[in-house]
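Before any comments, here is the structure.
Chains here go by letter, A, B, C and D, matching the order in which they are written, and residues are numbered from 1 within each.
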Amino acid sequence: MFFASDNGGPAHPRVMEALIAANDGYTSGYGAEALAEEVRGELRRIFEAPEAAVYLVPTGTAANALILATLGNPWDAIFCTAMAHINEDECNAPEFYSGGAKLVTVPDERAKMRPEALRAAILEHERRGVHGAQRGPVSITQVTEKGTVHTLDEIAALTDTAKAFGLPVHLDGARFANAQVALGCSAAEMTWKAGIDAVSFGGTKNGCLGVEACIFFDPAHGAEFELRRKRGAHLFSKHRLLSAQMQGYLAGDLWLELAAAANSACALLTAGLAEVPEVDMPWGAEANMIFFTAPRSLHRRLQEGGARYYVMDGDPAAGAADERLTGRLVCDWSIGAAGVDRFLALL
Amino acid sequence: MFFASDNGGPAHPRVMEALIAANDGYTSGYGAEALAEEVRGELRRIFEAPEAAVYLVPTGTAANALILATLGNPWDAIFCTAMAHINEDECNAPEFYSGGAKLVTVPDERAKMRPEALRAAILEHERRGVHGAQRGPVSITQVTEKGTVHTLDEIAALTDTAKAFGLPVHLDGARFANAQVALGCSAAEMTWKAGIDAVSFGGTKNGCLGVEACIFFDPAHGAEFELRRKRGAHLFSKHRLLSAQMQGYLAGDLWLELAAAANSACALLTAGLAEVPEVDMPWGAEANMIFFTAPRSLHRRLQEGGARYYVMDGDPAAGAADERLTGRLVCDWSIGAAGVDRFLALL
Amino acid sequence: MFFASDNGGPAHPRVMEALIAANDGYTSGYGAEALAEEVRGELRRIFEAPEAAVYLVPTGTAANALILATLGNPWDAIFCTAMAHINEDECNAPEFYSGGAKLVTVPDERAKMRPEALRAAILEHERRGVHGAQRGPVSITQVTEKGTVHTLDEIAALTDTAKAFGLPVHLDGARFANAQVALGCSAAEMTWKAGIDAVSFGGTKNGCLGVEACIFFDPAHGAEFELRRKRGAHLFSKHRLLSAQMQGYLAGDLWLELAAAANSACALLTAGLAEVPEVDMPWGAEANMIFFTAPRSLHRRLQEGGARYYVMDGDPAAGAADERLTGRLVCDWSIGAAGVDRFLALL
Amino acid sequence: MFFASDNGGPAHPRVMEALIAANDGYTSGYGAEALAEEVRGELRRIFEAPEAAVYLVPTGTAANALILATLGNPWDAIFCTAMAHINEDECNAPEFYSGGAKLVTVPDERAKMRPEALRAAILEHERRGVHGAQRGPVSITQVTEKGTVHTLDEIAALTDTAKAFGLPVHLDGARFANAQVALGCSAAEMTWKAGIDAVSFGGTKNGCLGVEACIFFDPAHGAEFELRRKRGAHLFSKHRLLSAQMQGYLAGDLWLELAAAANSACALLTAGLAEVPEVDMPWGAEANMIFFTAPRSLHRRLQEGGARYYVMDGDPAAGAADERLTGRLVCDWSIGAAGVDRFLALL
């Protein structure tokens, strides 16, 4: 009953098999191995973007920080929500990689940046000439940090706003597959067709061990990215460690299959929680992550029963029994109906 | 009728005289000249801080950014208000000098950081371990960017909050003298006696040409500051250019005399504006800067009459005559009653 | 016949098995998993350093850059040889991670920094006060980039020189195991007993896929390192990817076994080359890497025969047949006597 | 008898007068004042470069570091001599401002970079692809740090070499005027006509208090420079402090007059020293700086007689009387024949 994070589960066996298969014999490294080219081609095919520049890095933070540094300048404002992973959970990696850009937080609704608020924030950064931070990249997260999913129109409304000022837009897709499954759209529709310029395409949380793809739809960014990646110490010599994971992840649409499994488990969980009168779910459940508010006594029962998840705003073990606390449940591909049932049985 | 900024006026003749006097013969530079030692001693005397480490730099942004970089780390959050000069008007200089720290904005009331909001922001930056920005320096501005002045108790409430978590506190005193005059306190009372660790002590806006002092009450910060200053290209070879200005500024308490003149002019201005029914002054006037809201038609009349000042939220020359816009009036030492009277006569 | 790099070969089956075994069920990540603690303990045992701070990162460049940034300051000189990997092959990663330190190259003899030259370089960096780069960490490479191995006395002579000025010493041990086997000493003897403060302990080149340990013998550096690692985007969520590799690598002294195999293959290669009259080996062969000078015609024969290795100073395929060019041969654990024999048969 | 540095003397009276004249009334700042535009126009006229982007900063280190950061990238190699001010005397400011570029030292002859050595260094930085530092700006110093002056042909030979690889060339002209007077050429001939892309045009050492111009012959660099200047805290609010100095410095060709005076004093000094049998002058004297080698006893006599200058390689007051030490003599505009005669009288 591990719902603490989709980082806590195992890699999928087919990812492991790809890794084992790739670990044979001698090869070039640093992304020059044949397998890397194969994987880049596969991602270009999936994204319907034959010209895209595609790279693999080991962590989501590396993908986000390297992409944003490539899209912007040190004197820029990077527009994001307050709860964006880049703002809250990366220990200033975007600031570090960009050489000191400023993350400007834009008001959100259910963790989605509001287009009119984005427009206001951009406008605010015009008035001061060289004195203020300059207008820079916009970064949005899909699935958001609260488990909501932008519709295609919502993405387009944000990219339209950014593009009216000539600003590039980055999509933090640590849970890209879960969002795509939730929307039932194509990868292209969720990205460049909706105005996205660059994507962090997550693998780690959805069945891999540690690999994310960085995709620029304008390949002109590629040369700079390659230098930033190397300088950031994220260019692997035995790069097949990354290529092989991504190969296994993409083959036979495993990535979509695993996301569908995770989303289904989360839907079951949500349905079960919805039947508990004491439970609220402030942001709903749209992909594989659900926040729920309940009395401490309920959280205590769940955790004593073996459920592992984060309670965001208090200690479930200590305090008034009826105080309401918010827990976060994340399903990865491996949870399955059985795992969910055991959890629900505790309620 | 120049009310656009206290940066627009001339240096005081006594500052110029000190500069001319110092420009004679040969001397060591880089702050090793005798005049620099004299000025450092004078500042230590004024601040009743015989051990303080004292440095001169040419701009307020340099003072702020160098001090904050010295007090904190690249992975820190620096706590400030949204309208803080370091956040809005320094083109990411604090981010640059700190190596990528994140400026976290804390809710304010009348441009003063609220202690309970500071406490909440600090607490928020504990929960995430290495994932979030770490707790770093707190920076407050006195006189604030809206013309308000923290009382000594208000400063102490903020520094108490910071110190409960072991965090250092910086005072951006670009208008230090105006605040001190407004409060009728000593420099020590407004700083280390109220818990401040380091001060940007402004000269440029109050009768100098370009000099600010950086004062650390704990001299252990000195060695690092000296390297940061040199690396930032702010160590002057002919350092007497800085020392002499500060000498002239401090001698005979000229700095307090000039601030008193500026504050008086602003008080006259405020009294005059208060008699105009259409005028509101949202933040009051406590030192030498006043914001006032009035119909566009009034702003137009003033500006056409030759008054120079910034209208923050619209174009006074174009738009509905009755739309209310906010102007900012800043008095420097040289405005005098005559300047104010001419302005008020336009009303 | 792949002698291009010890990065080109496969991971050892026991490393892969450890990875598969670790990929089971749910666990904490970010180095908080039990396996990580086990591996840290094992490294502390191997290094006879029960207090050491130990971390895992995916690349050697990450290990070097993060350690040097932790040991020094942005205004420092980092002393290394001209051919040091940190100077030539990391695309300014040390400069990036340190915030702008300067790599100062110290004359070498057979790729080993000369102690008296180090002393001279350190002295040179005293005279300029704040104007010059400050004295910072010393970094030495073992096995060196030319395949030579520092004796324990040679290491001690360098660390003694550094310590006379209070400077910390880093060992870039991308080929640590090969050096240790070559010297027949313990890990402690080659490091802290010889005055080393921090080690990049390589796994990638010697049978792993992508893992290096960062070891600080003074654990006081740990807290800063952890923040730098996260900020550099090198903290893995599914950290068991790193822990498991290192577990498999250390278990049963596999790491020493593999290094011995690589060194033996290289010794065979060297013996074979020594019998070819046209061949010179300028730096000798002390571990698993050998440089050899031979006429272009010989290189051409080897490469046409299927031998893969770098020729450092010219194109083996084009130019005068008798021009002497230098090739680099590196043996990894998997080459074996058969691989060497096939190469020698081409001579 | 102050020969320690051309930073030790006073500003010229006409510079001070310009400063006093400019300190009158209200004006825009930040380089938007009319005086700034006048000065920019004057520099464009002098350099015969009507399109040039021109900026003023207070220190030579700021000029160099800001220009190099603008011309290059964080992952670049910046090519310079070992004794270049940017390499030895700026405490890593170029590394800081560039975001971590690497200064690569190119062998020199009499402090002038050798073109073939530059070419070799550039070629060396091609081979490593993304692994090595990338080819970046070339920086040369005129007058060099040893007092020598590049001929126009020597400058052209270096810029030709750089341009063959598409690399920009920066001229550190802290002593620009002294070099121009020494060569008897125009400012355009010594810069863009000889292939220079950007210049640090010094004022501080030659009669100003603290001002240097940054000149880009391709104005496309201007927008980035302006943001870097502000972010580096080098944009002055009361910018007339800089403009006025430069105005006084340029008016009536004062800058050339002062440089001629300094060079003449140095020539007298050199002629006098040449008559002393114990004295050697290893690099000759071509502008306003001369290095001379003499027994310690001679240095002691000079210094006891009141001559102030640096002895580079030992303590003149302690040690064997006949040990030969090297002193550096720098003449500023104010030394005059009388100052030189007093020095020579001590010999």
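Everything that follows uses one rule, which is that a contact is a pair of C-beta atoms (placed from the backbone, for glycine too) under 8 Å apart; a residue touches a chain by one contact, two chains touch by 3 or more.
Keep in mind that what you see is a predicted model, and the values were worked out from it rather than measured.
Residue-numbered contact pairs of A-D overlap by over half with those of B-C, the repeat interface among A-C, B-C or C-D. Note on interfaces A-B and B-C: more C-beta pairs are in contact across A-B. If you average the CA atoms of chain A and of chain B, the two centres end up 41 Å from each other. Work out the mean CA point of chain B and of chain D, and you get 34 Å between them. In terms of their C-alpha centroids, the spacing between chain B and chain C amounts to 51 Å. Each of residues 74-75, 90-92, 96, 99-100, 130-131, 134, 227, 230-231, 235 in chain C touches at least two other chains.
Within the complex formed with chain B, the residues of chain C that make contact are 30, 73-75, 99-100, 130-131, 134, 226-231, 235. Within the complex, the chain B residues that touch chain A are 74-76, 87-92, 95-96, 98-103, 128, 130-134.
If you check the complex, the residues on chain C that touch chain A are 2, 5, 7-11, 16, 19-20, 23-29, 57-62, 65-66, 90-93, 96-97, 204-205, 209-210, 227, 230-238, 240-241, 308.
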